[in-house]
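See below for the structure under consideration.
For reference, chains read A, B and C in written order, and residue numbers begin at 1 within each chain.
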């Protein structure tokens, strides 16, 4: 850590940074209000799939960047799971050097356009911002600024492609093309390795494509990032399930020297409530995959989806928000969240909850489904819900929801989406019994190198963490890349 | 057929990878086609019971299809497809030389083959295709294989010669008596079960057929395997669309199956779930047929 | 040799000695040993809502200490109890299946029901797994002064209704004795059509140390003295209800067993005495029963079951005697 502190310090002392700091007094900076993101009107956007957030204009971005005080000790960086050099990229924006800002981001974050949109900044960088910590004011809108810089670069056509070192002829296999896998690929290709990413689905991007809806993260943006990787030389093989199409051993025979497992947490969970197998009751994975990946809402695409007028989504996380807001866009009259704890306790990103409320999603907090009913065709038509009250906190500090006896009542529904969390994908652990896994089904790895119990197999992202976030997956990917690099230097060096 | 229409059916997406070429096509009857597809990796790993998920082009659906046969040396897999809806009909119309955008596999668990004595194989309609490799495998393992094939009429009995070649005895049942004996698959099965001891039964076909085949073997306490074909989206255990209740527990056909203990399956629930998109599919198919000019 | 066969919950038992839900019945290996030792039937260790909560807490602690496993805002962690319940349920079902494969004696699955929602949904899965019968353990301590008696009683009936609508195997209920009119409650329970009633649930009583002012454990095991109350109520109710009654708590010896049968019980459940005295206690108790039956000229249990119950007793009011003094004065 010491060199990083020194680097930050010396960077801060560079002329351009000093100049910027001098150009405006601290008092002036702190008197600027936090920028308000331009958004589509709720009543317009809840019927289309276009991005809700429209982005900042250049002026807005520069003004917001001025708020940043370029602290001597930038606490914001400690809040970032991948340690982005936040003051530096923000100051580049203030300077008007937007392309330079994007370059700074790419030094530590392979997918800045993605993270700027989906990171829960309110509990990461922005929570550690000086404004929040010391001034008790709204933090610098670090997320919006990251998105601004990344979008600017993309739209300008001047996308900076990092330099690729001389090829060393060593083949590495990345299993899974979600954020963890893409992060590994991005680093390994830079260091001269031959990188092949194997993806089970027909599209690249994993949860970025099938899980996160267009109105939050357009697939087009993900594709730009993937294109960059292709340009750097990363090979992508879709429709390839490592473990069945070819085993790890077979790939070893084909010359792959190290593997990164980023197969994610895709196994859906149901509540095991009676009637849960009736028609039109989906796991959030199925519902979102049909709409986001298979474009089921578009009549030009063959895959159907059923999304009715009275949709209930069970759960309180981002996936539940994505599902319920999607249902609104697919024409629901009532889009309901049924969540067993209170509104404040919902784990979803604050912005998602706010947007959902604006879009007229109904929040039925302190409620839980106990039974589903269906018509003679087996289509769900009612859910029996029980009210909850909050009891003693469990060891996470969250109060335990306790059913209120006799409080059951019925709600008419024609579609239900169950979004209560996911489990790690069992394919790889099942095909490699020698791999150490936890009771949760996640792969055990060394915290620093991300090396698993099997030599040459590294892992990161949801397959190690259970359902986590995009940025954590990327952080794991970058750590794993470093771990793999060290491992391969030694392994190949010995040959 | 109109060139534009043909292009629409077989359109390559902009990620055309030059893979999964159709190298052979044979029409087995008015509604069933056999396609041999270039897929070397899948051909190498494939065992009886495995299936693939296939998507024709960028606008297409992902659908599961059992691998009827494979040639590891040639690097090809064989699929037998009955046209019942938009996607299967599109496949039916594709030609030798066309490419299929996405084929992934082998999926599911392979059939557990062992020497048990006498195996009764009961196949209904297009279910005969996935039954063939299983019957073959049991025969090769040294079992006595008795096969009952059933369909509505003579034209819908497929792969008879291939089935005959790997069975010690074959009984053919048609609803209308136009071929073999008149009756249902269960009649053919009863004939066998009543006269000799059967150690294992395998049944593949429409859900309702498997339900009654299973009830039949249950009477005689014959352990039975059913291979299920439910709605699927990803086919890799990610979405739960294919869930069925087996022995009171929820199982995913794509990763826990496709074969299960036939006597423990909740067929009624499965049949109910299979109809989930029936209305939509009928409408889409109707529109598609109109486009074809039928 | 007398014939010890008994019918309980419509199941044929080779004898009326059932090993109750406890650590003795928590694994297939243990249950196999109990069968070998002669038990007539077993109740598999209960599925506990509290246990799930403890596991949830332990999992959450682990998750928080290991910052690699699920983050604070994880949706899965938010619903972790459901994930764990599913796992626990799967394990329990596997246990039922395994036990049923390996033993011949009847196997009763046990569910601890705290509320009428959660576990009830899985009752039919236990049936599918092969359980011969179900025991619903409804253990409610009426310690909330805001909850009416009516509300507590309703919980019992709600649970029974929900479970009976799901399963076709026999259902029994293990109840507490904390009822204002216990006789009426037992009668009403029996009228639901429930096949068996186990009297009574034994509640753990917390104790504390007067020297270091901390909580300490106590009365882990029952004592024979506790069986008296059971016997009284079995005696009063056994001929008044259609449900079969099983006695539970404080039955430690052959004599205890015989007394409960005389009071009218169809079967007894034992736990503490096996812990204290080992599995051989089973044969000791059955041997004692056998000998007594021979000595008294009984060939089957039905010949004497309930002989000393209130309905058949020469002195029925003895069952309702509550004052010690009164008893003495009567004798004189």
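Couple of notes before you dig in:
Criterion: contacts are C-beta pairs under 8 Å (C-beta built on N, C-alpha and C of every residue); 3 or more make two chains touch, one makes a residue touch a chain.
If you're wondering where the values come from, they're calculated on a predicted model, not measured in any experiment.
Shown here, the protein chains touch in all possible pairs.
Across the two interfaces under comparison, A-B and B-C, the one joined by more C-beta contacts turns out to be A-B. Comparing each chain's Cα centroid with the centroid of every protein Cα atom identifies chain A as the most central. Across the assembly, the mean Cα position most removed from that of subunit B is the one of C.
Chain centres here are Cα means. That of subunit A falls 50 Å from that of subunit C. Here the spacing of subunit A and subunit B, counted between their Cα centres, is 38 Å. Between the Cα centres of subunit B and subunit C there is a gap of 50 Å.
Counting partner chains per residue, subunit A has residues 272 touching two or more of them. Residues of subunit B touching subunit C in their complex: 247-249. Of all residues in subunit A, those touching subunit B in their complex are 200-202, 238-241, 244-246, 266-268, 270, 272, 277-280, 282-283, 285-286, 289-290, 294-295, 300-304, 306, 377-378, 425-427. Interface residues of subunit C, counted against subunit B in their complex, comprise 90, 93, 124-125, 127-129. In the complex of the two chains, the subunit B residues touching subunit A come out as 17, 41-42, 45, 55, 59-62, 86-87, 101-107, 233-234, 236-241, 243, 245, 250, 255, 269, 272-273, 275-277, 280-281, 284.
Put simply, subunit A touches subunit C in their complex at residues 120, 123, 265, 269, 271-274, 315-320, 341, 347, 370, 386, 394-396, 398, 400, 402-403, 405-406, 419-423, 438-440, 442, 445, 447, 464-469, 472.
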